[in-house]
Each structure stands twice: as structure tokens, then as C-alpha cells.
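Listed next: structures, encoded as C-alpha cells.
Shared between the two complexes below is subunit A, which pairs with subunit B and subunit C, respectively.
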Partner chain A sequence: MRRERLTLLGLLAVFAALAFVPTFFNLRFIIFILTLTNIFALLAVSWNLLSGYMGLLSLGHSFFFAGGGYAAAIVALNLGIPPIVAIFVGAVIITGLSCLIGLPSLKLRGHFFALVTLVIPVIAYQVTNALPQLGGHDGIFGIPPISTDANVVYLISLSFVFLGVMVTYVVVRSRLGIIFSCIKDDETASMACGIDVPRYKLYCLAVSVFLAGLAGGFYAFLNGVISPATYELEKASLPLLMTLLGGRSTLLGPVVGAYIIETIIESLKVEILVRSRLLIYSALALMIFMLFPSGIVGYVRRRFYAHTED
Partner chain B sequence: MVSAESLSAILVYGFITSLVYALYAEGFSLIFGVARMIDAAYGLWYAAAAYMAYALVTIYNVPVAVTAVATISALFAAGFVYYWGVLRRVKEHIEMIMTTFLLALVIQNLIVLFFTNFPWSTPAVFPGSTLIFGISVFNQQLAAAVAASILLVGLWMLIYRTKVGLAIRCVAQDIEAAVCVGIKPQNVMALVLGLSTALAGLASLLVTPQSTITPTMGWPMLTLAFAIVVLGGLGDYRGTLIAAFVIGYVEIAVQNLVSPLYAGAASLIAVLVTLWLRPRGIFGRSVEH
Partner chain C sequence: MPILRTEGLTKSFGGIVAVNNVSITIEKGEMVGIIGPNGAGKTTLFNLISGMEKPDQGRVYFNGEDVTSMKPYHLSQKGLVRTFQIVRPFKSLTVYQNLVAPTTVRSAKPDHGFIDRILDTLGLSNKKNLPTNLLTHGELKMLEVARGLASKPILLLLDEPFGGLTVNEIERVSTVLKEFVENKGTLVIIEHRLRELMKVVGRIIVMDQGKIIFEGLPADVPKSEEVVKAYLGSSKVFGVE
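Presenting the complex of A and B:
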């Protein structure tokens, strides 16, 4: 019980610091970068829920991300509803679509699900590229900004990340979370216990896609444009790299990873390093994955709670 | 109505494309069937071979034949190292996909580091074109088709008519029984990994001259290999061959009759539907529980 309260307090402290410190300094460039970081942190949180806690490896999170962005942009431009509402509506739309696609794939064994998720963004990219209704190769322009004040946008993005972390926290602490970890540990045994495995996988997929869709919608509104390039592999691999770095199956791991990777990207803006930035962090993630499978937060947690675990 | 010209174009180009796809997918199928591994970096071997050959030919002016031999042997060696260094330690499938996926990203970004993201166009090895059934075909593509058929027959001979092939098939069937009759499964698997990366490299060398190469060219090829192997029933030589022809003809037909924009999407959707309706593919074993 004490540990739980400690975790919650720590969470609140981290988010309060993140909310006050950058707005206090009021540097537009840094605020923009941090807003972008928050979006990717939310994407990583969403990946972590599906692939970290549930063990369903997704290599196609860019589909949920870009899909959410497209849905939100189309809804906002055609119906004229406020951006925040449009983001949520877009996320709901992409959740429904992904569940339809995911339903048959969830019956497959885990590693085939992973390969299916690798295929789906490729299809989505080609279809979006070919459909003039979706803006074709150029994408959709002129998406209105959420707010003209950069600080407000930053705070909204931070509250989205907070929402994502809290959703993960609530889900993982509930009965649902126990079922998820059962399925992750042993699918056959969970089926023998009477758990309807595909149904719970679908629940997890839906929550994860919803969060990724939120991130995508926010991304579209932040940039004012969304194009098929959003489906590219970099967007699919970023949440994976961030979460592996920060720590899989930990609450704050994806957020920590996102902040570290974005800091690396932004502080290493030298010509040769820009080209090799993905190399640097994919090599980093590979090393961490092979040598240090629990990531930074996992490592800290083990040091911190060493006496309660063994 | 389909005109006679576009019909013969589909027939000829479909045949050439399918042969190369078959050669390429057999490598993926071998890894899956024998080593029970899924190599998410498979497309990147393809890209790596293309870039290596490109660098050797255009930058260092190495003769084409030497380049081909050097590239293939380098990839074969890379497959060996890949098995002993990385894949042997990973047992679980999810971990394996994650590791190979990360490795693929590393290779891709190494390519970006050396050659930049800029697409390079590659010179033709066999310039000119020939008329077949009233269709003008680049000599390059003809050479690719001929070489791919010879290599496919060679691969079949290797797997079904030699002692090494017997050992490979033995490990694919039952690893413990293979150990009992004196086969070292790890050596066989390393050989299979080497063969598969070499096949990816061969396919790449056949296709990439007279086209453009980009660092991300491997990913569509990975999904293609996955598509063919799933459709053909995982790890089955005959099934993979037939599936390669199905996918190749579907792609070329859609490209000619509907729009080139949909070519890739059509074949991938066909595969997703197969996976959902009949997860064991046309032949072969099940991928469901």
C-alpha cells in the first residue's frame, strides 16, 4: 500500500515539475520540442501497454498513429468541430478500424501478429498514397492549430501523456491487468483457467490504439499537415526504441525513454549525427535489449526495491 | 476488355517477376522451415547486397563477375556470423523478432550513414532489350529470369538430392532425431542462415541493376517474403514456389490493369485474407494454436 502511494506521489511530482519548469522559462523552441516529445511519449506509452504489458509485439504502431492523425484531420476539416474533440473522435475512429483489422490477427500466434502489424502500415501507406480523397501523396494541409499559445498546447500535450500513464496505471492495477500478465506469461495456461484470450487481447489492442490515435491526432494538429510519410518505419520504431530504453512493462519507462531519445536527437544536431541519429539509437536499443532487458526504469526500480523483490 | 498486348505483358513480366520472388522467398522459407526462426532483418540483407555491389562496381570499378562473387560470399559469411553471434542465443519468437528488427534498423542506418538517404540509380549489367511475344523486355530482366531459374533448380538439387540437403531436411523434421543420427543441428542452422542471406543477396543482384536503390528498399521486400511464405505454407519448397508465382502474377496484373499504385497493396491484402481464412497457407503447417 505504501509503495503504491509512493509511486503515485512520484508520478504527480514528475508531471508537476514538467508542467511548471518549461512554461516558467518560456522558450518557444524548447516548448515546441517538448510538445513533440510528449506526443512520442504518449505513443510509447501506448506501445508499452500492448507490447510491454500484454506481450503482443507491434511493429506497426505508425499505422495507429498516422491513422489517428488522418481521422482527426478529416473530421476537423469536414465537420468543423473543435480540435480537442476532433482528436478524440479521430482516436475512436481508428480504434474501431484497427479492431476490425485486428480481430482476425489476434487469433494467430504472437509472432505472426507481429508480422501482420509490420505489413499493415505498408498497405495503408500505398492506399493513402493512391487515394486523392485522403490527399494522396501530399497529404492533408491546413489543419487548424489547437491553440495559438504554445504554452497551452504544451500543457495539453502533457496532460495527454498524464492521461496515458494514468490509463496504463489503472488498467495494470485492475483485474484486467492481472489477466493481461497471465496471457503474457502463458497463453495456454490462461485459456485453461477459462480466460477468453482473444477477447482480452482485443481489449488491450483497443486501449493501446486509442492512446496511439490520440498521439497521432495531436501530431496532425501540431504540424498542421499530415502526409503518408507518417506511416514510415521511423514512426513505428520510435516507440519501440523509446520503451526499450526506458524499460518495458514499467509505468514511466516509455516517458523517460522518449525524453532521453528526443534530447539526444535535438542536442546532436550536427550534420553527420543527424544522418546517423537513428543508427545511434537503434544500436543503443539493441544493446540495451540484449544486455539490459529491463531498461533504465526497470534497473532503477530493482535497485530501489531490491529488498522487497527477492 | 483486356487487350492481347497487355495480356502478354502480364504473362511475360509476371513470369520474370515471379521467378525472382521465388528465389528470394525460398531463403526466408528455409530459415523458417529448418531453423524455426523469423528473420525480420531478411529484407535488409537484400538492401545490403545491393549497396555493396553498387559501391564495388561504381566507386571502386571492380569487374561485375568479381563483384557478384564477393558480394555473395560476404553475405554467406554474414549469415554465419549472424547465426553464431546473434540468433543462437535467442530462443523465444517474440524476442527473436524484436532482436532481428532492431538489427535491421542498425543495418539500414549504417547504409544511410555511408550512402545517405538519397536514392542511387544503378547501371545495367546487360544493356539493351529483346522482343518476346511482342513485348520489349530489358536484357537485364531476361538475364535475371534465366539466372533465377538455374539457381532455383540448383537449390532444389541441393536440398533434395545431396547429403547436405538430407541433413537440412532432417533438422527441419526433428532436431533430436537429427542429433541421434550424428548431425550437428547448430552447424546445419548456421549453414541455412548463410544460404538464406546468400539467396537474398542473389535475388538482389539479379533485380537491382538498372533500377534505383534506397536504404529502405528492404522493408517492402521483407513483407513480400513474409507474404509469399505465409501463402505457401511456412517452410515448404513447393508451396513457396507456387505462392511466389501467385503473388508475382497478382502484382503484375494489378499493376497493368488497375494502377501501379495498388500493386503492392493488392498482394499484401491477398495474404492477410489467406492468413485469416486459412492460416496454414496453400500447403504446409498451421500457424494457429
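Presenting the complex of A and C:
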């Protein structure tokens, strides 16, 4: 009980600091970068729920991300509803679509699910490219901004991350948390214990896709444009890398990882490094696996809680 | 009405008939042992009954209801629970959480007193808050049995619960199993440790090459010629010269 309260207080403190410090200094460029970071942090939070807590490795989060962006943009431009509402509607649409696609692939075990998720963004890229109704190769332009005040946009993006972290917290602390752990550990034993494995996998997928869709919708409104390039592998590998670095199956791990990696990316904006970024990501991933298998938050938690762990 | 009845269960893998036209009946409150040489089809029979595999032919009735090809988790929720020969603990949960999990997934309140009693009898109380990777093989085997019992099943299928256990540990497992049956539970046990098995069960089914070759009292098992032949002609395994 005491530890739970500590966790919650810690969460609130981190988010309060993130809300006040950047807006206080009012640096436009940094605020834009931080808004972008928050979007990727939310995407990483979404990845962590599916691949960290439930152990279903997703290599296709760019599909949920870009799909959410497209759905939100189309809804906003055609129906003229306010951006925030459009983002939520877009997330619901992509959740429905992904669950339909996911239903058969959830029966697959282990690496086969990962392979399917790897292919889906590739197909989506080709389909979007070929359809003029979806903007074709150029994508959709003229998406209105959420607000003209960069500080407001930043604060909304931060509250989205907070929402994602709180959803994870509530899910993990509930009955679902134990069920997800069981499925991650052993599917056959879970079934023997009475867990309807396909159903709970679908629940987890739905929540994860919804959060990724929110991130994607926000991304579309932040940039004012969404194009098929959003389906690229980088958008799928970034949340993975961020979560592994920060610590998978931890609440704040994905957020910590997102802030570190975004900082590295933005401070190393040199042509040759940008071009070889996939190589750098891979090297970083290897380093994490060897040095910090449980991520930064996992490492710190072991250090601090080692003596209080029951 | 029998608690479990199978009718002509058959399952083949390629050219091998693993379970061949097996019909068994288990009455409520019984403790039945299934024995047989390796590859006799005992575990496959459990897989067919518990819904892990679909039979090619035949039907399974649990509590009078036709449950053939029902999903394993639905059967488990109905009270037909099985354990595994090769232990399958939930590695990211503690020993205690492993036992609470099968109840919480049914959104029911776990009976903490009951779980504590099981752990106590098995001698696992002092390890209940440890992660499962700190347990010995014998303790993991006992955890497997405990997890089966924890959700208070109607019928429990145990796949080699004594394998790799010390005499002392077998004693403890036998105690919790006897308690389970006294509290109106029904047990079916696959086991290779025959001497220990004979002490707890009231009836023995012997399988060989997918078929039932004997059904009856433990004392009568060594007298059956077919059984002796299946076990390489040695009646010593039953502890009777």
C-alpha cells in the first residue's frame, strides 16, 4: 500500500515538473521537440503494454500510429469536428480496424505474431500510396493545428502521455495485470488455469492500439500533414528501442526512454548520423540488451527496492 | 451419474494411433491411477479430456455434459482442471501469486486460508513470497499440484505429480490429495512411481499402445498377464514377487 502511494506520488511529481519547467522558460523550439517527444513517449507506452506486459512482440506499431493519424485527419477534414475529438475518433477507428486484422493473427504464437505485425505496415504503405482518396503518395495536407499556442499543444501532449501511463497503471494493477503476466509466462498453463487467452490478447491489443492511435492522431495535427512515410520501419522500431532502454514492463520506462532517445536524436542532427540512424538504433539496441537487460527504470527499481521487495 | 465419461476416444499422430478407442468412467469421489509404459498414450488421453487436443473420434462427458472439443479454459472454469508433467510455473509471479492466479482470473475472491493450508501441508509456506526460479525441481512439481488444487476443481487430472520427488515430498503431496478427495473432489493420476501410487488410489487403469489393457483394484494389477507382458515380463515393479 505504501509502495503504491509512493509510485503514484512519484508519477505526479514527474509530470508536474514536465508541465511547469519547459513552459516557464518558454523556448519555442524546445517546446516543439518536447511535444514530439511526448507523442513518441505515448507510442512507447502503448508498445510497452502489448509487448512489455503481455509479451506479444509487435514490430508494426507504425501501422497503429499512422493509421490513427490518417483516421483522425480524414475525420477532422470531412466532418469539421474539433481536433481533440477527431484524435479520439481516429483512435477508435484504427482500434476497430486493427482488432479485425488482429483477430486471426492472435492465434499465432511467439515470433509468428511479430512477423505478421512486421508485414502489416508494409501492406498499409502500399495501399495508402495507391489510393488517391487517402492522398496517395503526398498524403493529406492542411490539417488544422490543435491550438496556435505552442505551450497549450505541449501541455495537451503531456496530458496524453499521463493518460497513457495511468491507463497502464490501472490495467496492470487490476485482474488484467495478473492475467497478462500469466499469458506472457506460459500460454498453455494460462489456458489450464481458465484464462481465455485469445480474448485477453484481443483486449490488450485494443488498449495498446487505442493509445498508439491517439499518438498518431496528435502527430498528424502537430505536423499539419500525414503521409505514407509515417508507416516506415523507424516509427515501429523507435517505441521498441525507447521501451527497452527505459525498462519494459515498468510504468515510466517508456517515457524515460523516449526522452533520452529523442534528446540524442535532436542533439546529433548531423547529416551522416541522420542517414545512418537505423544502424545507430541497432547498435544501441544491442548495447541495451548486453548492459541493461531490464532497462534504466528496471535497474533503478532493483537498486532501490531490492530490500523492500516483500 | 459419473463425473467423467469418455466414449471411444481416438487420436492419431500421422501413422501412430496414440489413443485407440478408449472408454473410461470415473465416479464422483474416486481416486483413479492411470499407468502404462512410456508412449502408452496416457498424457494424450489427458490432453483429449482437458481440451488441449481434439479427438479424431469419440466423445467426452463431464458431469453429464458433452464437452468434446471444448476449449481448455472453459473446461477449467467448469471445474475440470489438469496439471502438467513438465512443470509450467508463471515465472514473473511469486509462489503465492501462482496459486491465487487461477481464482482471480475467474473474478472470484481467492480463499487465502485454503491456499495457506495447502502451502503448509506441502512445506512451501516459508517460500510463498519467493519468485518461482528460486524453487527446487521437487518444489516446482509440488507447486504444479498446488496450483491445480487452489481453484477448488471438481475433477483434477494430475500428470506424474510424484516424478522427481523425495519420499518425504511424496508423503506431503499424498496428504493434500487425500484431503482433496475427502472434500468431495475427484482425482485421476498418471504416475510411474507405482508403489507410491498404489498406496493412494482405489482403482487402476493400465494403458499400453493407446489401449486400455486392464482396469481394476491395485492388488489385482500384477496378476494380469497382459499387464506383466507390457512391463517386460517383470512383476517386480509392482512390489510383489
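One rule holds for everything that comes next: the second predicted complex is superposed on the first by the 303 of 310 C-alpha atoms of A that agree within 3 Å, B and C clash if a C-alpha of one lies under 4 Å from a C-alpha of the other, contacts with A are read in each partner's own complex, and residues count from 1 in each chain.
Simple rule for what comes next: a contact is a pair of C-beta atoms (placed from the backbone, for glycine too) under 8 Å apart; a residue touches a chain by one contact, two chains touch by 3 or more.
What you are looking at is a predicted structure, and each value in this text was computed from that prediction instead of being measured.
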Contacts of A:111 with subunit B and subunit C, given as first, second, both or neither: first
Partner chain(s) touched by A:59 [first = subunit B, second = subunit C, both, neither]: first
Subunit B versus subunit C as contact partner of A:303, first or second or both or neither: neither
First, second, both or neither for A:175, with subunit B first and subunit C second: second
Contacts of A:130 with subunit B and subunit C, given as first, second, both or neither: first
Which superposed partner A:193 touches (first subunit B, second subunit C, both, neither): second
Which partner, subunit B or subunit C, touches more subunit A residues: B
Partner chain in contact with A:290 - subunit B first, subunit C second, else both or neither: first
Residues on subunit A lying within both footprints (that of subunit B and that of subunit C): 188
Complex contact set, residues of subunit A against subunit B: 55, 57, 59, 104-105, 107-112, 114-116, 118-120, 122-123, 126-127, 129-130, 187-188, 232-233, 237, 240-241, 244, 272, 275-276, 278-279, 282-283, 285-286, 289-290
Residues of subunit C defined as touching subunit A within the complex: 50, 52, 71-74, 76-77, 81-84, 88-94, 97, 100-102, 104-107, 129, 147, 151
Residues of subunit A touching subunit C in the complex: 175, 178-179, 181-182, 184-186, 188-197, 249, 310
Touch list for subunit B against partner subunit A, complex: 38, 40, 89, 93-94, 96-99, 101-103, 105-106, 108-110, 112-113, 116-117, 216, 219-220, 222-223, 226-227, 230, 259, 261-262, 264-265, 268-269, 271-272, 275-276, 279, 287-289
